[in-house]
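Below is one structure, written out as structure tokens; comments come after it.
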Amino acid sequence: MTNKLPSVSRRTIVKAGAALGASAVFSPAILTYAQGETPIKIGMHDPFTGTYAAEGESEKRGALMALAEINAKGGMLGRKIELVTEDDAANAGLAAQKAHKLIEQDKVSLLMGAVSSATALSVNQVAHEKGMIYMVTGGHTDPVTGAQCHWTTFRICTTTYMLAAGLAETLYKKFGGKWYFITPDYAFGHTLQESYAKLLKKMGGTVLGNSLAPLGTTDFSSYLIKAEQSKPDVLINLTDGQDLVNSMKQAAQFGLTKKFAIGGGLSELEVLRALPREAKLGWWTLEWYWNQPNTPHVKEWVAAYQKIYTDGTYPSARTWFGYAGLHSLAMGVAKAKSLDAVKIARALEGLELPPEIKLQPNKVYFRPGDHQLMSSEFPGEVIQDGTYPNLFKVAEIVSGEKVALPVAETGCKLDYKS
Amino acid sequence: MTAATMERTGQDGRPPAGKTGPLLRMDNVSRHFGTLKAVDGVTFEMHAGELRAVIGPNGAGKTTFFNLISGLLPPTGGKVIFEGEDITGQTIVERVAKGIVRTFQITEVLPDLSVFENIRIGVETALRLNARPWISRRERAAINSRVFELIDIVNLDGKANRIVGELAHGDQRVVEVAVALSANPRLLLLDEPTAGMGDHETDHMVDLIRRLHRDQGMTILFIEHDMDIVFGIAQRITVLDQGRVLAEGEPDAISADPRVRAAYLGSLE
Amino acid sequence: MNRIIAIAAIWVALVALPWWLPLIGGYTALGSKVLIYAIATMGLNVLLGFTGGLSFGQAAYFGLGAYGAGMTLKYLAPSTPLAILIGTLVGGAAATLLGPLVMRRRGIYFAMITIAIGQLFYFIMVRWNEVTGGEDGLAGFSRQDIHFGPWLYRLDETNFYYLVLLGFTVAVAVMWMVLQSPLGHTFVAIRENRRRIEFLGVRVERYIWAAFAIAGFITAFAGTLNALLFNFTSPQDLHWILSGNFVIMIVLGGMRSFFGPLIGVIIFVVAQDYLSSITGNWMTFIGMIFVLIVLLFPRGVLGILARRVEVR
Amino acid sequence: MQLLLFNAFNGLIQGVFYALMALGLALILSLNSVINMAHGGFLVIGAYLAYALSPYLGFWGALVAGPILAAAIGLAVERLLIRPIYKRTDPLYSLLLTFGLALIVEDMTRTIWGPQGLPLEIPDVINSPVSEVYFFVTGYRLFVIVITTAAVVGLYLLLRYTLLGIRIRAGINDLETTAALGVNIYRLRALNFGFGCLFAGLSGVLAAGVLGLTPPMGNSLIMPSFVAIIIGGVGSLFGAVVGGLIIGLAAGITTTYYPAASEAVIYLMMLIVLVVRPRGLFGEEGLFE
């Protein structure tokens, strides 16, 4: 089982483990267990290969930080905890298989993970069937805490609707109300686009058009041509990950960034970093940002991260998802004083994250009705000619509570057995 | 032998009695490839029970002639008549069902399968069982005994489980003949049956052809280059030259025919 | 006789799998997945290894079976047997209807036309969001316990494995029967020498169609079980990459041998499951396994034994 | 109307890129009879090596060095791994082997350069729109067209007028006879494999300028390239180029009217070609059946 320990899991983690051992902040307790106590295992599935590998890696780093902190403070219910990570390659079938493996073979007590929405939904099914608490770290699609919500599932990252609502007003006021959309053609994109359109109409603007771009599109020129022809005030680019990199590069090369404002939904530090100089612009929403001068504990946390991960990177929203995800589980267990899933679920409902974990100003808690974490949106603008890590200027930190749909409209009905 | 094969071939492989006239008749048949007249107005008759050779220099149109009989190529002119029925427009499959079965100049076997399996597929096809996704014990026994009967006829006893691709060339050609026999031919067409064989293998094949004719009463038409074989076993010989029939008759008459000597035999060796 | 003993031993081992697999670091769902993929690849191998039709779009029928089963449970009726039946029929019927387009092509053209058809099905499932769940996959259904009159068969993890094992046994028996029959002999003869068998009077294309349809039904059947395994299916279950993986599993194990695909599946699925848990560089190891097997086992792992299976 | 025109034109530009990929694949398929699933891997190798070298050689130096290094690695791979399996007539074994190689390359790339996307900075000279109206015709895209055209013309001249090229063509036509004429076909196939990888590497560097670099970047490009080969006709290098242009054009036009089908359309076209005219536009009957 030692192979599941962070110290030998992967190349980057080798460094991390060494750093953890030497670190003054974290005790090296992670590698040793209290005598006679078997550790509590927590299973994490994330993509470490394929298109979303960078995001998966970030989530894992955050979780490992939380792991060390929790163990330093005595673990869960007095037992040490251990994180077992599995590569799901962003494949839904493989993710479900790995979830079974974690539950049946590794005998984990809790589940967490997901970058791709499809994997979140497939593991959501498995966890519910097995009656195991599942903390979705990064699958954004609405049904996870909406139409397909289960009592076993909680989610850290925000919903697609919240992403849209976080930015729409800012863009409308600043640039005007004629918007053209480029939307990734899958459930995440559709719901996001509908949310934006609804918000725009409410404010009095018009939708000039919407291009559905298949996921994994490498060439966005045809969509950009359509957009240019409609002469919008704002081009809303809702693509994500590598697609966002590609579309922004092409928009910049076409000179469109000088013709109208470009904004969109989700962006990530990993994505902004991969953009070439000329494409680093536009208005986006992050779900967490490392540079929050006025928020307590953030600076310390970033420093702690860099002490462990010495490759010059900064923590991203994904890192925070992994970090907050594991801490939330630990807090839930502590509050429930038990590993019983129903008790943990009840304990997590309404649970508020303390400042040193939430790392943001607003109130952050799990909403009882749909198990969605009410965390903030960070709309803002990409800093032109910015260099990593100074790539983003947060305009506002919008409380999650303000932008989330009311529970009644999410379609979620929690299915506790009475 | 199974009931079905008996029904189609009669007691000893001979065609059912009661039909007169030639078994095969080619009526002024031509096959032109553009300006090349591979076969040009050939009229040809063959009777049941004959053992006939087709000879001719390279490019005389022998293989094309076979292709026209077996249905691999449609003729550009003329008629092919089998047992009094015009089969000119019929496909290979239909002709095989009538009993016109051939072997090829190049060995055509199922190289990765055993001798037994090669012949079995022929037997099963002759029984029209190809589409059957199951098989009963009785049927299997009947098929197997027919396969071993054929193996016995062609003298491959003891080699039933050998992989055909690993057999000597001569044995592979014998397997081909056995597969052709499995289709219960009324007319067996052998395209250069001894091509590429050593002396011993050739003797074996010649013996097989002779026995098929004598013991089974098989009607056989074969193309052959080796004149010792042709004159040794053929009852009649048809000589093709430049797509036409140059001469036809008994071996003695052919070897004495000055035209044949001039056009063909003289230039051969 | 030795064969029968070996097969009986394997089958007993499979029946006992829920007890011994966890002891060597496996889990029941992995056993189910191996058997499901084994059904799919052995079905495909009727076409690929035994008839010589290089299908690179077989995942389409696997996926159609999966969606057929999932949608039956989600929209039609909460019955597991019905879901399996409908899924199998949907995938099998699609293969049967499309067979005439495919059967005339050979070699690389056969491969590409099957890819083309498979990808079209893939895009249908991705785009038809409202019904299929699009890119996110089809969720929101779950396998239902089976009622035999007063008798109830609870489909928990272990019992579902036995359902899969039953399906595997039936599929293997059917395929074995077919391959031992004149139809199976005809398939093999087509693979070996199409021209020869044509000259015996066999209409080859019809039999390629038949092999395509049989492979389609069996992979679709496997697909239905796969949807029920995790109560989930996604367009990735129809993508050409899965089709390619099926072919690779077959070649790994030995495409000329009846049980070769099973070995290939075990190597592929278990190696991926095991290696990806212990090293981040699992892809390199899997890649090296592929390369080494090609270089060291010219006909796949079971290739050496293949002859014994065919000579009967 | 203008929209259609723009999209059609744009599609053609995109097609140029598919053509370049397809050409390398077609070379290897035709002479080496290898269905090279690792073609995307060589693309990645070319792209990442160019990225790694560009700080030292600059963009232009990297543009030359990346593909050449990819070709060199290709030659080594051919010698060590592909050559031993030429005698296996079934193409499935080379497919399995190259698939394994593709996995190794993707994984090694991720291990060395990390999973995150990396930008390949391109010089300002070729990185701005050329005209205000045809804004989508960027300098870089023109540059891609010029480079691709030069590569295709270069290959054409090589095949037409050099001894090596004539031998390659003869080998594609009839390998056995070529060997019987005393040509060392092992060397010929090795060089040809190298050329194929050179084209893959070049595609990689050019793609990186538009798409950036990620370890799995080759995977999404390989299937459209196979489609281009089938539409153009197996065995015809000219056909591969035309096939690439056609699928680009078709995808562009579909985007105008029904964007959801813009990916599916190339498979639909391939299906139609295979049903109606299986040898493709310029292919020979019966090759690789």
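Order of writing sets the labels: A, B, C and D. Residues in every chain begin at 1.
In this text, a residue touches a chain if its C-beta (ideal position, glycine included) is under 8 Å from a C-beta of that chain, and two chains touch if they have at least 3 such contacts.
Bear in mind that the values here come from a model prediction, so they are computed numbers and not experimental data.
Least step count on the touch graph, chain B to chain C: 1. Chains that touch both chain B and chain D are the following: C.
Relative to the centroid of every protein C-alpha atom shown, the closest chain centre, again from C-alpha atoms, is found for C. Each chain gets a centre from the mean of its Cα atoms; the one farthest from the centre of chain D is B.
In whole angstrom, the spacing between the mean C-alpha positions of chain A and chain D is 36. Here the CA centre of chain A is 76 Å from the CA centre of chain B. A separation of 32 Å divides the Cα centre of chain C from that of chain D.
Within chain C, contacts with two or more other chains are made by residues 127, 280, 282-283.
Contacts with at least two other chains are made by residues 106-107, 111, 260, 263 of chain D. Every pair of chains that touch is listed here: A-C, A-D, B-C, C-D. Partner chain B is touched in their complex by these residues of chain C: 177-178, 180-186, 188-189, 192-193, 195-203, 206-207, 210, 256, 307, 310-311. Taken together, the chain C residues at the contact with chain D in this complex read 54, 101, 104-109, 112-113, 115-117, 119-120, 123, 127, 240, 244, 247-248, 251-252, 255, 280-284, 286-291, 293-295, 298. Partner chain C is touched in their complex by these residues of chain D: 35, 37, 81, 84-85, 88, 91-97, 99-104, 106-108, 111, 223, 226-227, 230, 234, 260-261, 263-264, 267-268, 270-271, 274-275, 278, 288-289. On the chain A side of its complex with chain D, the touching residues are 11, 48-51, 53-54, 56-57, 185, 211-214, 216, 218-219, 221-226, 228-229, 242, 245-246, 249-250, 253-256, 270-271, 273-278. Contact residues of chain C toward chain A in the complex are 22, 25-30, 33, 126-127, 129, 133-137, 139-140, 142, 157, 226, 229-234, 236-237, 273, 276-280, 282-283.
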